[in-house]
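Below: the structure, in structure tokens.
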Amino acid sequence: MASDPRFFNNYGPFSLAEIAKIAGAEIYQQTGGGILISDVAPLEIATENHISFLVNSKYLEILSTSKASACFINKKYIDYAPKSMVLLVSDNSYKSYALAASVFYPQEVGDSYIDPTAAIESSAAIDETCFIEPNVVVGENVSIGKNCTIGANSVIASGVIIGDNTIIGPNVTISHAIIGNNVLLHPGVRIGQDGFGFASDRSGHYKVPQLGRVKIGNNVEIGANSCIDRGSGHDTIIGDGCMIDNLVQIGHNVELGKNCVVVAQVGIAGSTKLGDFVVLGGQVGVSGHLNIGSGAQVAAQSGVIKDIPPMEVQGGYPAFPVKQWHRQTAMLKKLIQKASKKND
Amino acid sequence: MASDPRFFNNYGPFSLAEIAKIAGAEIYQQTGGGILISDVAPLEIATENHISFLVNSKYLEILSTSKASACFINKKYIDYAPKSMVLLVSDNSYKSYALAASVFYPQEVGDSYIDPTAAIESSAAIDETCFIEPNVVVGENVSIGKNCTIGANSVIASGVIIGDNTIIGPNVTISHAIIGNNVLLHPGVRIGQDGFGFASDRSGHYKVPQLGRVKIGNNVEIGANSCIDRGSGHDTIIGDGCMIDNLVQIGHNVELGKNCVVVAQVGIAGSTKLGDFVVLGGQVGVSGHLNIGSGAQVAAQSGVIKDIPPMEVQGGYPAFPVKQWHRQTAMLKKLIQKASKKND
Amino acid sequence: MASDPRFFNNYGPFSLAEIAKIAGAEIYQQTGGGILISDVAPLEIATENHISFLVNSKYLEILSTSKASACFINKKYIDYAPKSMVLLVSDNSYKSYALAASVFYPQEVGDSYIDPTAAIESSAAIDETCFIEPNVVVGENVSIGKNCTIGANSVIASGVIIGDNTIIGPNVTISHAIIGNNVLLHPGVRIGQDGFGFASDRSGHYKVPQLGRVKIGNNVEIGANSCIDRGSGHDTIIGDGCMIDNLVQIGHNVELGKNCVVVAQVGIAGSTKLGDFVVLGGQVGVSGHLNIGSGAQVAAQSGVIKDIPPMEVQGGYPAFPVKQWHRQTAMLKKLIQKASKKND
């Protein structure tokens, strides 16, 4: 087996024809649709009756020696595949793989069950289809929709509302939040705590009560140990379809549009607004009170201190348009080389 | 209501005259002191009988159309406010707002109660006024003062001492620590674990026992999922009044003076000492064994590798005085532009 | 006492001769071996009958006034020590100290005991010598070896395998993982959650099932709130002897060789491979799909976007060889100074 049965349940096999249909891919030269595929696997690991995928051209050589029976692939790489391999051609071979793999390994949800060790206030309304693991703590007036899982030792504070089909990992803390459907929160996520708000003078710091909430849309995923502070007066908002990685910090009043991608260890300071489909690379920092336009992308580790127009790609510290950045870096290199020669 | 009653209890209304007094502000032209203010709210959200505040000049236009009945404001912005708005003039309008908002929304403390699911060693001394939430674990000889809250699923290891009026959020871990009064630890904080100490040779790494403690003063706030390692022999010390944001890393033997501000995702390496009122911007890194003088400030994402004198503002990677930094950046830009023209 | 007896048990005293033997050090001029040493302590704190150590030449002045009876020291610093101090000479005085201190303060392990509040599936196999703290949750078919400690409120999900003598701190979450012997996981560590894998198109993001595991070797230490995602198809692998600090992010399919050192807040993106004895300074970011050769070192906060050959030291953003980096920085400084003079 490609995946370890200790940890994963394989719902296969499926015929290649079924898989192609689910994945929106076309079987190259229309042969092999009847083959029974037993599992998905990376190119190096895949053996007979496995289906794999090629996305990154770095792995073309591995493709050429792979033992996979079938592979999702972009048209342009067809010639690199072994002749014996059945190819499922797709403009977006990674999406096709994602759809296929999700049929073999669907997100599993626990049976309806509330562990007797869970401490649940009587005023909480938890749908009877939910799976509540041991030692979960649920506060007053909490509302939890259908088919949700709340992981062991997680704490859902008073008033929190959670939609349907949402999965909350173990050791998570949520307060002051309204969370949508099909949301996935990984272990150790912290949502709804006080933002970093205080007024200062020479005598010290004066805490400003944080009176907003966190609103999380549908189909959002938030990575392990990430933190989203509640708003100070406005709400902190995470739009539908956002993908947030591990150890990310999102400050009070920040708003993310739809389908943003926020890679690990990014920090977004208070009151900054992102449009839709914004991509922030790993460890990026974004200052407060900025507007980042829809479709903007920022290279890893960059520091954003000014608004970014829609669709613009930026990088650097401080960040500016990436074309200009690369040009300046090249120019600088030349200047230094020239000066070095003079000194030789 | 400006704030969601699912999550917040409003202790108002209060008369404007009362509020002005509490907030140390003066009512402009002495009219309106009798108005009853029902809530605090940001300028865009505020409606009749709400009081708001203006701090950032970015929001002057929003001020001009706000429906708030009253507003904390600095003298110089008075002319931007609608004529109908009652103005509470203050040199520090944000502090005034902080004081007022804290009267409407004081920090709430649970009633004296120890949840029966809490696992508390018999040698622990917990004041009878404390509120201990479900599944809290308290080790031997722990001492907890008056009116403290320990959040659900938190773990307080043997010997820890906690002062009065301290609030510890859910899913927190504390060991080898002595914590003062009026401290606020947000969810997922880790205090007192081993520092990153080991000796190395060609065969591998040899763990050095970490034999110090963490000492946290009074009125300290520490953000979600931040980590403070205990000292290796000396103690790690956080001075009174320090404000530490989320996901911050503080290494062994680090010392913070009073009222330091440490923004999210900062890392401070072992044995570095900060004076009082030091401000480190988000994602700053500070090397080990350095001295950062009182009042020093470091721009976000900078990398500090040398001592910083008191009151100096630094930025860059590696960090140096910010004036020099900006001057060099400007000069560099010119050099590149000049070279680019030559090449055109 | 140098260490606080509230928190630490001192197994001393030991004679200096015993200590020298354990520590692999030589007593300078062969006198003083009979002295009874009661504790270890830093130079400033140490008093009579304490042994200390000198590693960093920054502390030579402190050495000269220290009241320690004995000190681990490198040959070259002998003349800086007070005449009355007994010196234990070692090529690696910090390693010698580590070995000695570990005799005074060995890692303590709880007695065999399973707290009745622990929720353990009947199919789990936990060795009878283990110490399982309150509210621990252990899933189906979990296997835990001899003399392990599982800290309070930690969650070990189904199928996880843990070796012997491994210590897992409180509030830890582990799933989809196979963990070796003598491993130490600090509080809040997250292991085995989904990696950040999804395919995207204009309609949004499609989750890719993450079907690999996390494999952690022997003698590994992982710092508080660090996150290690499981592989997407391959495994994520942490080699024997690796030291990982707090708040570190390790993406899916990453492989670390043996004895790597990863300082706090580092992020390593998916599918990158590190050789043995690689050192990554604090807050370093490493892009995905790279190869970092054995013995390579990267300066704090650097951004690695290309492969690094074995033994090479790099720094900067983006990172390049550190000699070149320093040379360029110096050259740049000159250029700027020259241009500044012209403008004066």
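A, B and C label the chains in the order they appear, each numbered from 1.
Here, a residue touches a chain if its C-beta (ideal position, glycine included) is under 8 Å from a C-beta of that chain, and two chains touch if they have at least 3 such contacts.
Given the structure is predicted, the values throughout are model-derived calculations rather than measurements.
Setting chain B aside and leaving every other chain in place, the chains that still touch one another form one piece.
Homomeric contact chain A/chain C: same residue numbering on both sides for under half of the interface positions.
With centres taken as mean Cα positions, chain C sits 28 Å from chain A.
Residues of chain C found to touch two or more other chains are 117, 135, 153, 171, 188, 225, 247, 265, 283, 317, 332, 335.
Only residues 117, 119, 135, 137, 141, 153-155, 157-159, 161, 171-173, 175-176, 188, 190, 193-194, 196, 198-201, 204-209, 211-213, 225, 227, 229, 232-234, 247, 249, 251, 265, 267, 269, 283, 285, 287, 289, 303, 305, 317, 327-328, 331-332, 334-335 of chain C touch chain A when the two sit together in their complex.
Residues 2-4, 6-8, 40-42, 44-45, 56, 58, 92, 94-99, 101-102, 104-105, 115, 117, 133-135, 151-153, 169-171, 184, 186-188, 219, 221, 223-225, 241, 243, 245-247, 258-259, 261, 263-265, 282-283, 300-301, 317, 332, 335-336, 339-340, 343 of chain C are the ones touching chain B in the complex.
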